[in-house]
Amino acid sequence: MEFAKLGLYNQAIILFAALALLTSFLMLAQARMLPLIFTFAWQGFLLTMVTVLVAMVTDHRDLYVSALLTFVLKVVVIPWLLYRLSVRLQMQYNAEQIAHPTLLLISGVVLVIFSYFVAKSIIHLSGLATRNIIAVSIAIELLGMLLMCVRKSAVAQVIGFMSMESGIFFAASVSAYGMPLIVELGVAFDILVASILFGVFFFHLRDSFGSLDVGQYNHLSEANGADAIDVRPVMASAHTPGDHA
Amino acid sequence: MADLSPALTLAFAGAACSVLSGLVSAAAFRRHPDYLHTGSFLFLFLAGCCTSTAGAWALLDNLTQTAQLQMGLPWLAWHLRLDALSGFFMILLGTLVIAVSLYGPSYTREFARGADAQPLPPLGIFTALFVLGMQVLLIADDALVFMIFWEMMSLSGYFLVVFQHQHAANRNAAFIYLLLAHVGALVILLSFGVLAAFGNGLTFDQMRAAHLSPLWASIAFACTFIGFGTKSGMVPLHVWLPEAHPVAPSHISALMSGAMIKMGIYGIIRVTYDLIGDVQWEWGMAVLIIGTASSVLGVLYALMQHDLKRLLAYHSIENIGIILMGLGMSMIFLGTGHPLLGTLGLVAALYHTLNHALFKALLFLGAGSVLYRTHAHDLDQMGGLIHRMPVTAFLFLIGCIAISALPPFNGFVSEWLTFQTALQAPALENSVLRSTIPFAAALLALTGALAAACFVKAFGMAFLGKARSRRAALAREAPRGMLAGMGLLALLCFLLGVFPSTVIGLMAPITQLLVHDALPSATAQGWLWLTPVSAQVASYSAPFVVLGLVLVFGLGYLLLKRGSEPVRRSDPWDCGFGALSPRMQYTSSAFSQPIRRVFRGVWNIEEHIDTLTAPGPLARVTSLHYSVHAHDWSWQWCYQPIGRLVLAAANRIGFIQTGNIHTYLKFSFVTLLVFLWIVS
Amino acid sequence: MTLLEATLVTPLTGGLVLAILGHRPIAGWINIGVGLLTFGASLAMALDVFSHGPQLSPGRMFYIDAFNVYLVVLTAFVGLTTSIFSRPYMQHEVEKGRVTDRRLRLYHSMYQCFLFSMLLALSTNNLGVLWVAMEMATLTTVLLVSLYRTPEAIEAAWKYFILCGVGIAQALFGTVLIYFAAEAKLGADRDDTLLWTVLHSSASGGLDPAVITLAFVFLLVGYGTKVGLVPLHNWLPDAHSEGPTPMSAVLSGLLLNVALYALVRVKMLVDASLQTHLAGYLMMGFGLLSFTVAGLFLHRQHDVKRMFSYSSIEHMGLITFGFGLGGSLATYGALLHMTVHSLTKSAIFVTVGHACQLAGTQRIEHIRGLIRTQPAIGWGLLLGVVSIAGFPPFGVFISEFLLLMATMKSWPWLTIPLLIGFGVAFAGLFRHMQRMVFGEPPPGQQPVRANMIPVIVHLVLVLFLGLMIPDFLSSWFEQATLLISGESL
Amino acid sequence: MDSELSFWALAVVQTLTFIAAAPLLAGWVQRVKCHLQNRAAPAVWQPYRDLTKLFGKRLVVAHNASWLFRATPYIVFGAMLMACAVVPLVVVHVPTAAIADVIVLVGFFALARFFTALAGLDIGTAFGGMGASREMMVAALAEPAMLMVVFTFSMTAHTTNLSVTTAYILHQGLLLRPSFLFALLALAMVAVAETSRIPVDNPATHLELTMLHEAMILEYGGRHLALIEWASQIKLMIYAVLLINFSFPWGIASEPTLQALSLGVLVVAAKLTLVGVVLVVWETVMAKMRLFRVPQFLGFAFMLSVLGMLTHVMLEGGN
């Protein structure tokens, strides 16, 4: 499907989808907390636009509902919640030192290529003209997971988690034109409760560990030597001379 | 259930009695424990009687009865079957249970008293479950019922071994016992799996109908032999036996050494002869080699022990070795097409199983009554008990003579039959076999002689000479119940020794069932003579031997003793330098010192010389204590490495649980990517 | 279908009621009452299903067939017995000051909501609602894990939340892909394409193989995290050992079963539309890996609840291997194993809870002489471990017996890793248990007020299943086996 | 019927002559030994005088001795009596020969040794313990060699019954079988060890370090000592007769006619005197070995017997 022949709306869909993918890469590279939250909000907004456009192209009524849900959740509620929390935790200004950014971005690119390779087998099934954006949705989801694996701060991990969720929502609305209503509401409700719980946990973590750096949470570790069992006489012959009468 | 044949109903009655005995002893938790405790042993006695009569009935009438119980899985009801083979083993089990139930009440009361007293009800419950397991195991006719009651036997054995759990050694011993029992059971499960796969069904009849390729038959046999061999304590897998038997209460070690090990032998015979059917001679070779190794190593290690019950436990390994030699030779002869000689080998093995059950149980009960009175495990703390416990000494002596395979008693008959099987080796065409079997027979002779040496030591140190400890000096005769239990077994040892041909005649239905052949010539010459192959080849008449001995005693009394003056007592020869003290006697490690020097490499010897020096400037040595322990090489070579391997692997695997969340996320991320890559 | 609605509504209302008055001493009794009502309703429903066969709710929202009816009854039953245990346990915790009133209220309401979410997940017919119920189960238990507010508890709860969140997200993506494949086949306008019954009947015609495989991979990783299969299991030991014991009993006993139930529901769809046994091989590989690795982990544990959570991973691995193996014998064994495992494991956690309160610690080295101090707890733990190690009179042996027989029939050489796994796991479990139960108790160890009724009831049930499986249960198993593996016994 | 009864009478007579002749052989051996070591030699029937003296003496028993100590002599003598009944001295096919075969014979010796060792331990002095422990070691090492010898003979004669084997060897005539040669040499060495002759044990001495058999029966006196001495003399004669029957049984009666029996008696007497002389020459030439050289001695005997069996299987076609 050459880009040229597509209608104006389809071109807009592909543009916005590409921009959403860009925001995922921006989030990977973003060190400071506030810009990270704003980029996440932008990604939510772009995905809402794509959903609206797809709804118009394929005139599915209930897609508008899921677009509205995405907008409310991913653009308004969650970013505002995270912003207020980081202000109360006074961490909106501290910057996180990303390990080796270039390697991270390259692996991001590899992930995109891989998700396109994975999606190739299912794309032919979709009726949508611009069906390649399914690959974009998979890419956003995998990049969100990569973000969680890499970042140290708990808030960054939550944002990674939320961007994964938005990737999945986007895939649902693009490939299957939105899930049945009851499921959309259920999922949205779960994500809302999850974000509230994350907020509660930020305060617990800060009280007990003194910081939101995820790297310090390793009290429950079994790898260090202390736990290793001494191997010597454990299976030795039990018969010690004459000790039992 | 209605159409049950009489013998099977009797077997069920036996099982029901043992369940009742368990319930009665469970009820004895609070109210009047003593009375209920003896009540549980009464039900155990009834269970023993029912089982042995059911077995005798099945054996005499040579009838095979089957039944189905609507328990277990709906599409696999419990199949039960009582035939000649299980009948024989039920007689063995029943007799032992009767003896133990006579012995038990007075012996176990002592556990409730004393410093480390233990509540008695668990002992009663698990003894009942132990006996129940064995009873139903013998009449099981499908893999599910067999495995259920097999592992119930092992599990209740574990609770009995760990009964006095305040000593760390007991707990360790029980753990090793249960570990090997569980692994053995799983290997048995695999062998049933192979048979079930080919017979596409779990019942033994479907397995009998299955025709396996030689390779798969060998795999099934290998699993069976290893699995049941672990339970009967053959050499490479014997480590649990000398640890578990000494720590269990004596009447339980008697049941274990007497009956539980024989269930392993029953399993091997049932699966190899009955389920798989056509025996290959290579199997016989493996069984013979392991049997010989077990017997020689068993007796050599027994010689070095100074704990009486541990010595008896090692001897169980030796006797299992002898039984396996008989089985091995029988398989070789069957494999190479000599059914008559194969039957002779099988009869020798079965006879020795029965004999060993009787005299080993007698010896353990004897050791138990010595322990009951002197609280001494160690031979070096006993001595001179023949004067204070004459009846126990006499019964223990009968056990010692029987186990050392000396003529008038039953041990000699079965070992003599095993020798006769070996002596038929020339009938084989394969010259390698023809030369290895005599070699195995020579090692069997060595085992016999070493066993005699070991039991001279055991009886001598325990009962003869002067008392080496204060408690041994103050010992009193064991209560009547215990003597009755031992007396019954001693009488059976004598009867089985003197009338072998009648017993072999009774065992004909078993070989008819398994090998479709019997030993006609064994009873051809009447009850007086035992001529296994033919009168010309070999014959042995036990009644005449007893007659000769009685004759000599009679003449001796008439001619010599009646007329002479009374006997004068005086001091023994002390080379003139004064009073002899009990410490001057030979101790058990001294007695076995020559043999220890001759067979040095066999044990992992650990010697201690602890010198106590008096304080002060002179620092002269006040006392020297020398002790020697022979540890099992298999601990160093086989069991500790496995233990270390498992724990090292466990340590290394710890790296998965690093504790920080990033690694966990990376794990799931990589798993997802790998799966995606596999799929597309 | 009113009975099913009753079974679902009771815990929900219970949760709300307890949210209000959860902190008062009466709360424990209310919790038990609600549990009793739920169990009664589920029993009535089960009787109804037994007489009339599988039932579909009018709006086709809920579907009860032979596979999930006994799981619903089991969940309600274990929920009831654990609530009986949790009343004295929580009273003891409140007396020792480890739990404030506010948190007690949270505990009781979350407990009932958790039961509601599991029952919903089991009975729903819509895969999307199934996902929502699983997510809700995670949310309700996250706060319970961090109930004691110790750093370790908070850390365990955080990891549990993040890892399960990521896992569940994958599962959502898988559900989306299934919906995508279904819409492609059944047409986009219908609104019931996500219903399992519709999918199952249409799947025989064959959904698109490529999409279904992709969906299965995502769902396997997603629900696999909730089942605790090895590379994804890291959250499970932390969550089970840090949370209050009644919660870990219910988590270990029931939640793992529900996750595996969801996975098997999806596997039925995949098998119907995919000709190859790919799904089976993947599950066999995953199951065997977790079975052996968890067996090794048992040896190096120092915390008793952690050890038993690894034992749960090991058994879940075995059940997944059983379902992956396919074939009637293996599936029957796996279904039976799910039931007996949850009964035994919850009984063990109840006893361990009392044992930890008795010894005052969870470290294995400091728990000694249980039989001497309180024989009920000592013997309960001993028999529980004997049952979970797979010794015969108890039911776990029957299912392991069936699994081994099935493996020997189809994959003979796989029996060797199974054998090694059983041996290693048994050694690890018994070595620790023996030190705790036997021997001399440390001075000053007082017996604790313990309610051993749940343990006795569970062990008697498992013993009964070991000796004789009742006809109605066995007919359900057989119908479910026919459904799942396509072959009758 | 009367031939059956007369057969049994013949067997009893043969056993009684066996018992009566045993001390004579011992006396003869003692006499020849003294001549060789040019000491004044006692009369040949000196052992009879010793036995009658001992039977007459009053019995003195140690304080600590139990009923076992006093029953052992009778059991030992009984075992030897049964052994004599089985070994064909003069005539071959005798009904008592079927009572036991050669393995049971070894069993009788083991029974006797078992009880003597226990009697030694019963007194509670160091001598009994030392004697018993060493005797059991020697016996343990001798058994495998003895059994391998039995194997070699039974492989050729297809029987373990003593009189049948002797008859077989008698009928096959004079054959130089290498397997028999090795087996007989091994049997001789085992016999020396079993009857506690010089290289393994010194029958004459009472020095603690050198005596094995004597140490166990140190405390016996009176009629007990008589019975035990007599039993060891019988044992010596049994081994001598075994050696003769397996190597060169010519002259032994195969049917119970008077003429064959008298020839048999003469031939056996001659052979026994010859064996006595050979034994004495061996004892004067050899010195007693150190206790822990005995395992090598018996190991060599075992190797010889295994060689005998292998040559039978390999070279003689093992028919």
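Chains here go by letter, A, B, C and D, matching the order in which they are written, and residues are numbered from 1 within each.
As a convention for this text, a residue touches a chain if its C-beta (ideal position, glycine included) is under 8 Å from a C-beta of that chain, and two chains touch if they have at least 3 such contacts.
Predicted model, so just to flag it, every value in this text is computed and none were measured.
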| Which chain pair shares more contacting C-beta pairs: A-C, or A-B? | A-C
| said: Quick check for the class: compute each chain's Cα centroid; which one is farthest from the centroid of chain D? | reply: A
| query | Which chain is in the middle, if each chain's centre is the mean of its C-alpha atoms? | reply | B
| task | Quick one: report the Å distance separating chain A from chain C, using the average Cα coordinate of each chain. | result | 28
| query | Quick one: chain A and chain D, Cα centre-to-centre, how many Å? | reply | 97
| message | I'd like the Å distance between the centres of chain A and chain B, where a centre is the mean of that chain's Cα atoms. | response | 66
| field | Chain centre separation in whole Å, for chain D relative to chain C (CA means) | value | 79
| message | Give the residues of chain B touching no fewer than two other chains, as numbers and ranges. | response | 168, 647, 650-651, 654, 656-657, 661, 665, 672, 676, 680
| task | Pull out every residue in chain C that's touching 2 or more other chains. | result | 158-159, 162, 166, 210, 214, 237, 299-300
| query | For chain A, which residues are shared contacts with two or more other chains? | reply | 118, 121, 145, 148, 157, 217-220, 222, 227-229
| field | Pairs of chains found to touch, sorted by chain label | value | A-B, A-C, B-C, B-D
| Complex contacts: residues of chain C adjacent to chain A | 126, 128-129, 131-132, 135-136, 139, 142-143, 146, 149-152, 154-159, 161-162, 165-166, 169, 172-173, 176-177, 179-181, 183-184, 188, 191, 194, 208, 210-211, 214, 237-238, 242, 299-300, 302
| field | Parts of chain A lying in touch with chain C, wherever the complex brings them together | value | 60, 118, 121-122, 125-127, 138, 141, 145, 148, 154, 157, 161, 164-165, 168, 171-172, 175-177, 179-180, 182-183, 186-187, 189-190, 193-194, 197-198, 200-201, 204-205, 208-209, 217-220, 222, 227-229
| Mind pulling up the chain B residues that touch chain C in the complex? | 70-75, 119, 143-144, 147-152, 155, 162, 165-166, 168, 171, 174-175, 178-179, 182-183, 186-187, 189-190, 192-194, 196-197, 200, 202, 646-647, 649-651, 653-654, 656-657, 661, 663-665, 667-668, 670-672, 675-676, 679-680
| note | The residues of chain D that touch chain B in their complex are 55, 58-64, 66-68, 70-71, 73-75, 77-79, 81-82, 85, 96, 98-101, 103-104, 106-108, 110-111, 113-114, 117-118, 121-130, 132-134, 136-137, 139-148, 151, 154-155, 158-161, 164, 218-219, 223, 227, 291-292, 295, 302, 306, 309-310, 313-314, 318
| said: Show me the residue ranges of chain C that touch chain B in the complex, using the header's touch definition. | reply: 158-159, 162-163, 166-167, 170, 210, 213-214, 217-218, 220-221, 225, 230-232, 234-235, 237, 278, 282, 293, 296-300, 371, 375, 386, 389, 391-393, 397-398, 401, 404-405, 407-409, 412, 415, 419, 422-424, 426-428, 430-431, 434-435, 438-440, 466-469, 471, 474, 489
